[in-house]
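As written, the chain order gives the labels A, B, C and D, with residue 1 at the start of each chain.
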Amino acid sequence: MQTLRMNESLLPSLLEVLKGFGTLIAPVERSPGVFSLEAIADVSRVRPDALRTILPFKKLLLKPGFVMLEQRAGGAPVESRDNDWGPLVYFGAHSCDIHALKILDLLYLSDYVDPYYKRNRDNLTVVGYGCMPDDKCFCKSVGTATVDENFDLFLTPLQGRFMVTVASARGDDIVRTAAHLFEPATRRDVQDFLDRVRERDDAFTLTLDVADLPYVLELKTDDPVWEELGKKCLCCGSCSMVCPTCACFNVRDEIPEEGTVRRVRTWDACLYREYAQVAGGHNFRDTRADRVRNRYYHKQEAFVREFGMPSCVGCGRCIENCPTGINVVEVFQTVRGEL
Amino acid sequence: MSKPKVGIFGLTGCAGDQLQILNCEDELVRLAQRLDIVDWVMVRSDNDHTCRLDIAFVEGVVATERDLETLKEVRARARTLVALGTCAVWGGLPAMHNEISRETLEREVYHTQLHFLDTVEALPPTHFVPFEVKLPGCPMERHEFLRAVNALLVGTEPELPLFPVCWECKAREHLCRVVHFGEVCCGAMTRGGCGARCPSHGVACSGCRGPVEEPNYDANVTMFADRGISWVEIARKMSHFSAPVWMTQGLEQEVRREPKR
Amino acid sequence: MSPSGRNIVIPHLGRVEGHGGIFVKVVGGTVHEVNMDIFEGSRYYEALLKGKHFLEVQGIITRVCAICSANHTVAALTALEDALSVRQSERIHTLRGLLLLGATIESHALHVFALALPDFLGFDSVIAMAAKYPDEVAFALRLKQLGNRVQELVGGRAVHPINTLVGGFGKLPGHRDVRAIRDELASALPPLLGFVELAASLDVPEWAAQPTVFVALRPYEEAFRFRGVSICTSRGEEFPLAAYRDVIREFTVEHSHAKHSALVSGETYMVGSMARLKLWGHLLKGRARESFERLFPRGVVDNILLNNWAQLVELVHSVEHGIEVCDELLGMPECAREMVPYEVRAGRGVGAIEVPRGTLFHEYEIDDEGLVVSANVVTPTAQNLANTERDLRAATEHLLADHASIDDGQLRLNLEMVARAYDPCISCSVHVTRLAAGEA
Amino acid sequence: MSVTLPEPLSPRGAPRKLATGANPYLPAPARIMRVQDLTSDIRLYDLRFVDSVLADSFAFRPGQFVELSVVGVGEGPFSLPSSPTRRGMFQLGVRRVGTLTNYLFDHVIEGDTVGIRGPLGNGFPVELFEGQDVLLVAGGLGMVPLRGLLQYLIDQRDRFGRVMLLYGTRSPEQVLFREELESLSRRGDAEILLSVDQTQGRPWAGRVGVVTELLDLVTFDVARTHAIACGPPVFYKFMLEKLVARGFGRHRIFLSLERRMECGVGKCGHCAVGYTFTCLHGPVFSYWDAINLPELIYT
């Protein structure tokens, strides 16, 4: 790891340089206060200050829907490249996003490696950007507020300049390509950086106590809160769609035209009724309450048991996007009997 | 499979789904070669009204005795029956407000009391006979129709997505009409497949594709009410696409659902 | 069969939208009864609208008929905006105009090429025709698709638009898309003119000719337009739009339980392409004018079979004018959404527009909460029904007079041609209810 | 040049490959060599991979399964009812229930090619059974995976102690592999007891009643016996606890589970209970593990 500084006014130049490393993807403002990650031609559209994009970066690794296999009349099925983005530079990753990336890697690059994910992952350059939390962020509670690996560059905004962290050889390549933009970080920069870390630490207003959550949850499987949530949840799947670590998918075959058949893979949500239903109609999670509970247990209990941390990274997207206002933090406060 | 004999039938409706077939301009000529369309009143004048059919497509609601007769005849003639559009699958707009008596409706439109020989309550054909394939949408989506035909031609049934409109709305990152604008959006209750067309135009979904399998009506109503929308307005917007029909259906399902052990 | 008691029954009229039949009873060489049976089920849309919020009107009323969905939408919005005194911005007016042109292109292309032309070329359907005239059919489909693409761009969907709102649009089309459509319209014009030549070379029989009163709206500007400001007849009368109920008398017909229309004088009349050409054809410009002159060298003559050619002229106009409208839009600054602000208040409004099949009236009365108090829709097909029966009667008489030995099959075919020439849209004629075809 | 990937946070499995190819979602073509009707709605398919190297090297554990697909129609998981001891060919027993299986029954015939991915899942812990007695209990279609295990045990008969099979179906026509089982029984290779819920007027020499009752007819030394159960949910509901009541430790009872699966390789999430994927960590679980995963067995 190496730390540098860059003048704030040079950001557009850096973005131009990043374009040389792949398609530049960064947050742009869709409508006032609402952002999404999009391919950038004109760097003045980039909004590094965007706190949350509607969809997280996971769409850069696995598109919401893509063709896995294709088969033409008389041929054998072949792997499709529909999901491939080619070289990408993802600018504007926050700490929680980078932690989420780690979780996706864990799922998709272990055991049977997912080739669709891997190709995009290998092609992905991650440039982080320091954020300040709002009232929906709780990454501090789940231990994802800071990050020191799994990215290439990370820009932390300080007064009039950035502290730039280089965490990979690819990051180093970028820095060397644009050497004129960077200077070594000064002692003052480091001090300001540390002050900012403290300032940010104090800025969190939402907390979720995860320490003993798996135990609490294990004891509370029958808690009436799940029934209540089952009544409230629309099962629209928005939370899973926007969650950076929700990675379930569905596979569907279709015949788009005569002589061509294909197998399509789409993001799925465990809240959908059909999710655990098998032939003959038996459903392993028949009620909405079953499905809602499953989502929270999966994230906050099972993952903690297995890997020592929740698979929720505290980005607040589901809180922001749930039409009916279900709030993950409140859910757990209720389960604990605190609300 | 040799060239299948096909019939296309419109009961009472706007002909939108038949028009959607004609709107497959790029595929139409080839389609006419792959299918032996023997009975299609809207497009042909010399039709065979009695032969056996491999595939029959039915659009519209049953609103007259004659519709019902036609439907039963078609069912008897066809090996595979395909419902086209929300009217055929759920009843659609014609079935909205089935609780208003026919008599009242007739008086409203015709002003005098007349004898109507055979108008019946508008109900979806799926209410009367079983269908092998159901393509929702008002009108149905062209690509879904083409995929269904392609699947039927190789001897299988199309697998259409079951997720709600919200899936596609989120996948395309549209601004949520509920979250950002506080509108009544039927997306969460409505079967997806349209590409979240309305939210993508900045308009709330009115549910034209009919319900997902287990819509949570109560939660939707509460959600809108909590956002300060009047109950009457909510009901009005939700009722567009035959909510009475599907509401009862949803509630029935709710009641029938066995309690979990 | 003895010529003294002859029933001509067309139980199910093919190649029209909706369900209708024709029944003609001939006794001793004279036509006793002519019936255009409509057995399409009623859907009572106007009654359903009562008590609905005015914002819901378009989503409901568009489902009256798919082919005319964009037209009903624009008519309804116009009427509602009239009731609310909303003044359309120039851009919205222009875009709505483009939507109507798209709808006209799609509808006329479908009718002229797929439904009517097979009659003139001797096929039972466009499917059969495609084998012999593949290029022509391919072009016709392309043109129809282009009409749909225009509707998709402006209305958000080819059938039942969703982007059209009271006061504006949900999302305005970007210049890139408008430019693409413009270019496609431009490239469609030359081959379309080829069809004008093909049509000019075909003989149109005379047996359906008879004098008719034509009715069409006076265009809102001194040009051939589909939106108008007053109701005009070919006898030189002119009435304000709001008086449409006084001009056009809807009545129920004893024998058919179906609503028909006539002028106050009791005369039946025709609305549609031929009426528009009759009244405003002199306003056409450019290629459309040339096509008009080519296909109607003696001006519009009273022969309903020529309505197909009138539609062809309007196709040329719509494509040509569509290019101009696109250019106008491209001259305006790009923006994402435009909505004219308005206040909800009680009022009554009429929207009248010229749609492919003729003049369409929508009228709504809303209360101060914006709820619909009453709704009335008068469709062109309903207006044309009485005239259709009249033409069917005349055609039967002429045919019997000219060829006493004409067989039923031929007679049926010819009567179907007359009915089809009106391009009836039966789903649209919501006022009209059934008459059992079997009763004959 | 690639990014340095993180160390897995825990010992989740190291990268591995399927026999059928590096892309775990891409099926390998296999030819249908023979189709037999086992019952009116269950068929036995003999398959051989088109690639002869793959065909001859394809090895799997009893209790593993494969994903069978017809691209354009669908894909589904199916247990292997044949034994890995018999190379070059494998079998699938398919019940007609939905889109894919209807298509197989209606349109796929001998000589056609389908797609196969696998082998998938963990399979039975056969190493544990060596030198011990094995009790197989099957209900209905549960005989399909157990038949592969049975063949495996019989093919290496001297490595195991007693081999017992208790198998119940609804009626005599529903009994899968009946002749085969009868001949094994006759030869004394295995102790086999069959029962049906109802004879429905068919000739039947076996028991009539529910399958759990067969347990009362055999004696065993629970200290040196493993029980392997396979069947539908209601079967598990009664059978598992009855085995426990007969003295089996819950860790000595194994069962094979079914869940919805879209990938078969531990990615799609559908078969997961927590982070236990039925397709990857199962489908075979000890009863003890299964009851500690809520929802896993549904009764």
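Here, contacts are C-beta pairs under 8 Å (C-beta built on N, C-alpha and C of every residue); 3 or more make two chains touch, one makes a residue touch a chain.
Source: prediction; values computed, not measured.
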item: Centroid-based (C-alpha) most distant chain relative to subunit B; value: D
item: Winner on C-beta contact pairs when A-B is weighed against B-D; value: A-B
item: Averaged-CA centre spacing for the pair subunit C and subunit A, given as whole angstrom; value: 53
item: Approximate Å spacing (C-alpha centroids) for the pair subunit A, subunit B; value: 37
item: Interchain centroid distance [CA atoms averaged], subunit B/subunit D, Å; value: 42
item: Averaged-CA centre spacing for the pair subunit C and subunit B, given as whole angstrom; value: 26
item: Numbers and ranges of subunit C residues touching at least 2 other chains; value: none
item: Subunit A residues counted as touching two or more neighbouring chains; value: 253-255, 261, 268, 290
item: Residues of subunit B touching at least two other chains; value: 151, 154, 159
item: Interchain pairs in contact, sorted by label; value: A-B, A-D, B-C, B-D
item: Residue ranges of subunit B touching subunit D (in the complex, touch as defined); value: 151, 154-157, 159, 261
item: Residues of subunit B touching subunit C in the complex; value: 10-20, 22-23, 25-26, 28-29, 32, 37, 40-47, 60-64, 66-67, 92-94, 96-97, 100, 104-106, 108-110, 112, 114-119, 122, 138-139, 197-198, 200-203, 206, 208, 233, 236-237, 240
item: Subunit D to subunit A touching residues, read off their complex; value: 1-6, 8-10, 12-18, 22-27, 29, 69, 71-76, 97-98, 101, 115, 233, 258-260, 262-263, 265-270, 272-276, 280, 294-295, 298
item: Contact set on subunit A toward subunit D in their complex; value: 68-69, 71, 76-79, 102, 105-116, 121-122, 124-126, 149-150, 152, 168-170, 221, 247-251, 253-255, 261-263, 268, 270, 275-280, 282, 284-285, 290, 294, 297-298, 301-303, 305-309
item: Contact footprint of subunit B on subunit A as seen in their complex; value: 30-31, 34, 36, 53-55, 64-65, 231-238, 241-242, 252-258, 261, 266-269, 272-274, 286-288, 290, 320-325
